[in-house]
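First subunit A sits with subunit B, and in the next complex the same chain sits with subunit C.
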Partner chain A sequence: MDASRTPFPTLIMTGRLFLLLATLAIFHAAYSTYEHLSHLKALGRPGGSLPQSIILETLVGLVLGILGASLNAPELKEITWASEMQKHKIDEMDSRLGFASFVTRGRNILSSSSKSSAKEIQ
Partner chain B sequence: MGENFLAARAHRRCQRQHIHVITRFADGRDVASTSATVMSTPTEAAAQLIYPANVQANASLTTVKFIASCFAGAAAGILGLQNWLGFALFLAATLLTSAFIHTINCRGTPVKFIQGGVLELLNPGQDNVFTFVLVWTLFYGIVHGETPLKLPPVLAVHPCSPFSVRLDTPLRASLLAS
Partner chain C sequence: MSLSTALERLAKYRTNNTRASQKTFEQGCLILKSGPTTKLGDEGWAFLEQLALASIDVGRLDISDECLKQLAEKFPRSPRVDVLTGIRMEATESPETVLQYYGELLEEDSANAAVWKRRISVIRRTGKLEKAVEELSLFLDTFYTDVEGWLELADIYSSCNQYTHALQALSHALLLAPQNPFTFLQFAETAYTSGDLPLALKMFLLVVEMGERGASPDAPPTGIQIRAWLGVKLCARRLVYSPHVSSASDTPVPKTIKLIDELATERVLAAYGGQKETGSKHVTDWLASR
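Up next is the complex of A and B:
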């Protein structure tokens, strides 16, 4: 699936296009129904059923709208701790700062004046 | 130090303090012990394994459900559905929304992304029934209503409002007259 950061065309853009088309379809179907019913009322036989094309357009608008809304949503993230830990190192999440030791044995091992004392310790 | 010793120590620390302890072993493995492994209720145990920031990030699904309810209301209003037929359309739209979220957003495994799994998917969302009914009555009233659509008079005649219109044009005069 396309990530939301890659340039045109992306899944989110498809979603927005579908939402736009669905909105247009719904409004067009609404206006068509209004016109059709006014037409029927003018002819003196109100209460007729809608033409098949309007019903189809409405349902297509509905399905396309829901599809577009679903595609428009950003990518979901997994909710378990285990999946989050796949992306981080342990030090980022639980650094245990109380156990951090800033005093190392480099002082004894690496300095020249204490090389003899280090040998004695061993 | 033996691995068993470290794991047991983490276990005891969890027992005392009800926390999530992560132990690092020399070969780079990190093992988590939680008080879930000790004695907490199943719901607490399940909740401790969830990363809350990602649960909030997944709240974008409420937008999807809201938009779906709006479109369902519009469709019900346009088709002129009444009573239980309209709610049947809402049910169908909810099922369709769940199916789309299941396949497109959750990629087949909703348990990974949503607390409560599939059942939470089927939930149409907080207050979305009211959204559906609102849009349904709106579209039904406009499309199937007895009276034609007209602007509320407040917008048209108030002399000081930025929206005040000139009454000498025939279109606007007709809007007020009818």
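Up next is the complex of A and C:
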């Protein structure tokens, strides 16, 4: 993604930072859960509940991830017909290439054999 | 000019139906020389077809022969390659030979629209306009949704000054592509040329309205909007002086014609009043004259 083309590069940077923090938070919470559960298994109480801090960390990771993904989104594109038609020119819309005649003056002016004959005339 | 930008530009020409043959030829030759086109994948074949057409247009039949050879090797009995061969024949052979070739192709497969279109194009090029119109009407009876065909029919009629028939053909094109302001503009200009000023005014105003959806009303007009506003000014000026002009299509003249005239003047001045001032003096002189 080219940051120089977007109007608000700081938003994209913030979005990427949030996504990074959210990923780290989720991984850390997952690792903590694993450690906590193996700690409980070692103590002989395998059915214990998770501590509040891990749940809070997961929720913070979720919120940061949503914010980061929204801010990191690419620029919105136009969807109206009027904006689409603005980009076209009359020659393109009226070109009728299925019926176009390819026997034009181009071959007499631009082909190499005609260049040599033009030099002879001069 | 790197290869990928050249390929991108050529792909854009293909989607927009642009016929910039000289530019296509120059960029296409670069790509052709850079190596075998098999590594371009599926796009490579469409690119070869585009380059073949551009080189025939420019007169370099050697390059087009090379492209055609590669395409014929890859797709031996394809109708698209047959059409391309026919176009290559059009460049060197006489029209009778080419028409016979297309006739043979149509006998094999009478639903091949592309071959039929080329046949009509050759008939028109040789000057037999009545026969071309007949064939084109038959074609459009079979393939009604071909907008290109209706535009071509309108063009043939306009070249013979038969503007009512041209307007009829354009109205079919309008039915098929109602979101396209360019067809409305062509309709308006044909109506103006045939003398039906109220109809032309109505259509020019439609083009203006189509361009305004989404644009801010104070911005100066751009693109075909300038052409549409100039058309409105042309019609409104004559209608202000003779409001009871007869219209062949019985279109009524709007009661607020003076206000429309003033608005058109203001919009045309806004379009040409920028910093560049290219032609603004000519425009103001024209607007001030009768």
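Going forward, the second predicted complex is superposed on the first by the 73 of 122 C-alpha atoms of A that agree within 3 Å, B and C clash if a C-alpha of one lies under 4 Å from a C-alpha of the other, contacts with A are read in each partner's own complex, and residues count from 1 in each chain.
Methods note: a contact is a pair of C-beta atoms (placed from the backbone, for glycine too) under 8 Å apart; a residue touches a chain by one contact, two chains touch by 3 or more.
Quantities reported herein were computed from a predicted structural model and do not represent experimental measurements.
Using the contact criterion defined above for the overlaid structures, shared-chain residue A:94 touches subunit B and also reaches subunit C.
In the superposition on chain A, contact of A:106 is made with subunit C only, not with subunit B. Once chain A of one complex is fitted onto chain A of the other, the partner contacts of A:52 are absent, as it touches neither subunit B nor subunit C. Shared-chain residue A:86: touches subunit C; no touch with subunit B. Counting the residues of subunit A touched by each of subunit B and subunit C gives the higher count for B.
According to the touch criterion, the shared surface of subunit A, contacted by subunit B in one complex and subunit C in the other, consists of residues 80-83, 85, 90, 93-94. Of all the residues in subunit B, the ones that touch subunit A in their complex are 20, 22, 24, 30, 32, 48-51, 54-55, 57-58, 60-61, 63-64, 67-68, 70-72, 74-75, 77-80, 93, 96-97, 100-101, 104-107, 112-115, 139, 142-144.
Subunit A makes touch with subunit B in their complex at residues 1, 19, 22, 26, 29-30, 33-34, 37, 50, 54-55, 58-59, 61-63, 65-67, 69-74, 76-85, 90, 93-94.
By the touch criterion given at the top, residues 80-83, 85-86, 88, 90-104, 106-112, 114 of subunit A touch subunit C in their complex. Subunit C meets subunit A in the complex at residues 16-19, 21-22, 53, 56-61, 87, 90-91, 113-114, 117-118, 120-121, 124-125, 146, 148-149, 151-152, 155, 179-183, 185-186, 210-215, 222-224.
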